[in-house]
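A, B, C and D are the chain letters, set down in written order, and residue numbers restart from 1 in every chain.
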Amino acid sequence: MNTDGDLHLVLSLSCPDRPGIVSAVAGLLAEHGGNITESQQFGDPSTGLFFMRVQVQTAAPRDALEQALGELAARFDMEWKLDVVGRPMRTLILVSKAGHCLSDLAYRQRGERLPIDVVGVVSNHTVLEDLARFYGYPFHHVPVTRETKAAAEARLLELVEQYDVELVVLARYMQVLSDDLCRRLEGRVINIHHSFLPSFKGARPYAQAHDRGVKLIGATAHYVTADLDEGPIIEQDVERVDHSDDEQEMVALGEDVERRVLARAVRWHAEHRVLRDGGRTVVFR
Amino acid sequence: MNTDGDLHLVLSLSCPDRPGIVSAVAGLLAEHGGNITESQQFGDPSTGLFFMRVQVQTAAPRDALEQALGELAARFDMEWKLDVVGRPMRTLILVSKAGHCLSDLAYRQRGERLPIDVVGVVSNHTVLEDLARFYGYPFHHVPVTRETKAAAEARLLELVEQYDVELVVLARYMQVLSDDLCRRLEGRVINIHHSFLPSFKGARPYAQAHDRGVKLIGATAHYVTADLDEGPIIEQDVERVDHSDDEQEMVALGEDVERRVLARAVRWHAEHRVLRDGGRTVVFR
Amino acid sequence: MNTDGDLHLVLSLSCPDRPGIVSAVAGLLAEHGGNITESQQFGDPSTGLFFMRVQVQTAAPRDALEQALGELAARFDMEWKLDVVGRPMRTLILVSKAGHCLSDLAYRQRGERLPIDVVGVVSNHTVLEDLARFYGYPFHHVPVTRETKAAAEARLLELVEQYDVELVVLARYMQVLSDDLCRRLEGRVINIHHSFLPSFKGARPYAQAHDRGVKLIGATAHYVTADLDEGPIIEQDVERVDHSDDEQEMVALGEDVERRVLARAVRWHAEHRVLRDGGRTVVFR
Amino acid sequence: MNTDGDLHLVLSLSCPDRPGIVSAVAGLLAEHGGNITESQQFGDPSTGLFFMRVQVQTAAPRDALEQALGELAARFDMEWKLDVVGRPMRTLILVSKAGHCLSDLAYRQRGERLPIDVVGVVSNHTVLEDLARFYGYPFHHVPVTRETKAAAEARLLELVEQYDVELVVLARYMQVLSDDLCRRLEGRVINIHHSFLPSFKGARPYAQAHDRGVKLIGATAHYVTADLDEGPIIEQDVERVDHSDDEQEMVALGEDVERRVLARAVRWHAEHRVLRDGGRTVVFR
């Protein structure tokens, strides 16, 4: 088959589960000359929802495909997104003073391992300004105090709108977003929590972990919801510790897990591999 | 939808890759009232082959479905298998003296974690007879010496035919099968090699590993081909070791990896999740 | 050096940390002609305690060594134990219906991978009687109802005394021990909790894990204290799960982690590698 | 005890194994008012060598301690090193075009997670000059062709001498060092090999791994010897891959393992935790 000049598209969708969905989607794509290069689906018996992600090469015009999908979606009560495979997602990264996550995301982005377009780095401190600028990211210093919190969030929203931001990454941003902001950006904000949730919610999880004498420490990347540290989990991982690791050493080991876990979550989100399934996620890796 | 009395089937197939396969298969299943509960596919650019595994619930008669699949297969030059989900695969387990793999497989089989029907245990020793009998498996003592090797293999083939064996598991069977036997049973024999292949082929891999000072030891489950230790790999895993682990300790740690890796490979094979892709495997987990 | 006929001993100790302990212990052992084959120590700044484990080969009479150690211990306010390396620890295993942990411990014990002498298996059910008997372990059926709980615990204590039991393993024993029994046996009871503590304490942790949508499930081996699921942790491990794993599949995957974690904890305890450090443990692996 | 103004020293040593070494060393340190904060030892039965690493706080003058150690060393035929805990080791990093390892080492060094003092970065290309300069490392462009190889190695040795370099890190430096240079710098050069040695020695290991259909890919950090890819292994780790990962994806996944493994090896070396034991290493983590 000749695929020169073809579009390589990714379609992700969810809808109530019922027979015939795969056949209908595959049939529609075939009618538009589509060649499926990757496809995954999952029906969740506990929520009754069906999820699908398809990568397809096609010579058909994108708007014709979109119109056909719109009709199909109406029939199946479907939510769907169509995007070009590999298109960098417009991303805003929020940080405070710790730079391990920003450094890692930036390195991967520059090396073309992470399909994001970093439209800006926002911080309530200036420690990481030089790192951001080294990677060519516009840096915005937005200090946050109790008095200026509302103004700071307004500035954040302004940036989100100005750059048409699709994804906000809290890369160890040590401020809690207001419920209102969480709701406005729901599904578009990924946080890295420095603990294996649901253990050790809240502050200083490594101190808690050391006190409890755990033998593994972990990190959790999740979507941010108004319910702090309770949003749908995208990815988790752990690292082994032992009695000789004090809190400081656990923090150092934890940073490695945090950046690994966050990088995976951001990549999967940017590749449209993560779908919401109630309070959980479906991740088509 | 009412699925009482429906069949739950698993279809696995491979064929040369070209547009329209997913659509054709999904369409065929939809025409037979099938509800797809699980589906995975993969096109390998390096071999030009396409692989698919679908689980489907259907009220249609199985022979009607098989006839339709036969016609489709002819059109796409497809190899395919249709089976009932969860049907235990008739399995013969070959062992020598080490029982860790047999013990593990047996425990999982009895606990309904492994869809195999162990039709017999064959050994060139009698050490494991009581373990086999405890689990209710017929035990066959087939000693092997240089003189009796041909007769032993004939006896093995006889058992394979008598019990219509679908899978032979070499669960630390310390005899090398003849090229001829390998060819006759190709695709139906899984071996556990006590090393992270392709490192340390051949005898006493843990001694080799200790001499080389490796920091991880591993195990590899693979299909047996005439080319010793070179068959397509199904699964691998590793365990951390350090300078204080001598060969004996590595053997002990290795046994844990071996039985874990073998159990996974046998389960995936019995669930029709492993497809041959030249010298490699596609594993739809 | 000639070590034929020498004793191979293991000394474990803890005391308030201060300079000179290692030198004093090493000096004492050297005076008794001891050759240190393995030694580890750890000073915990957060509790001010010092821990040490030494394996030593010596031709000196054991009682001379014990007397010298007793004097040293008095000087350093030391708790200590001296044992023969590899001596099987007298162990009672408690189970209910699930046999994966018992099966695994038994297999390792028989294969001489676990230095325990299983003096009996106690169960509130009879499901695992044949498994226990296959491995040659005396089986005691001690049913537990609300009315008979006190009598059942009395019977348990009787067995502990009768067999001079050093270690009680709760190998998925689904009864909560009374506070009084916990206190009497403190430091001698190891439990396997089917969750990555402190997440998901209490009942049906895999259902909780599935609801929360975690991406890793775990297991925790810990000493039993009167404070349920809060005893000092000995070992933890995790296994990866994804959206397609329902509660039942998580249970199956969890069983593998549970038996792996429990086997390690029992082995380390039986080898005197685990020392209590307040609410934590020091594990000299 | 008052440890203000005390030195915190690390002593690492190896010698032929015989009774009394631990006692002699601990006694010597106690005589100099030393308080042992960390200590590990290992006797290797297969080589007959004994290894020890001790961290000790002491108010004694360092030269008095060194003189006493010198006398002890003569008695036990001991090789030993004494250093200040945490002193950054003077390190030269060699790179070509791939920056994932340099980026990771630099980030850790700046965050004080890695006790090295990067006295320079040498490359046969200029791609990574800006990264090196961002972290404040002097950058030396030393091109290598068949004709200039000898001159390039001479320049390298010059830098090693000029900066009194203690450690040379080949952070994906794509040039093979000459046998002569390997011998001159033996024990001071760490390489990261992009494969799980001894599998896939030589060029393009990820292509080899993909062809073989392995299910795990790995990386190996080892000391460089004249025998290419055969030097003593310091650390290894793996990452899971599956049939859908092509060579390019394996390379990307491999980079994560490589930088993790190299960072650990460099840290352990810089902390004097790695001791040579013939063709193997003892690593006191």
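Keep in mind that, in the parts below, a residue touches a chain if its C-beta (ideal position, glycine included) is under 8 Å from a C-beta of that chain, and two chains touch if they have at least 3 such contacts.
Chains and their UniProt names: A, B, C, D = Formyltetrahydrofolate deformylase.
What you see is a predicted model; the values in this text were computed from it and never measured.
For subunit C, the chain whose average C-alpha position is most distant is A.
Fitting subunit A to subunit B on CA positions gives a rotation angle of 180°, reported to the nearest 5. Between the CA-based centres of subunit A and subunit D the separation comes to 36 Å, rounded to the whole angstrom. Remark: subunit A and subunit C have CA centroids separated by 41 Å (rounded to whole angstrom).
Shown for subunit C are the residues in touch with two or more other chains, namely 38, 42, 244. Across the interface of their complex, subunit A is touched by residues 38, 99-100, 103-104, 107, 111, 113, 130, 134, 244, 252, 255-256, 260 of subunit D. Considering their complex, residues 42, 44-46, 196-200, 210-216, 218, 232-238, 242-244, 246, 277, 279-283, 285 of subunit D touch subunit B.
Contact residues on subunit C toward subunit D in their complex (touch as defined above): 1, 18-24, 26-27, 29-30, 33-43.
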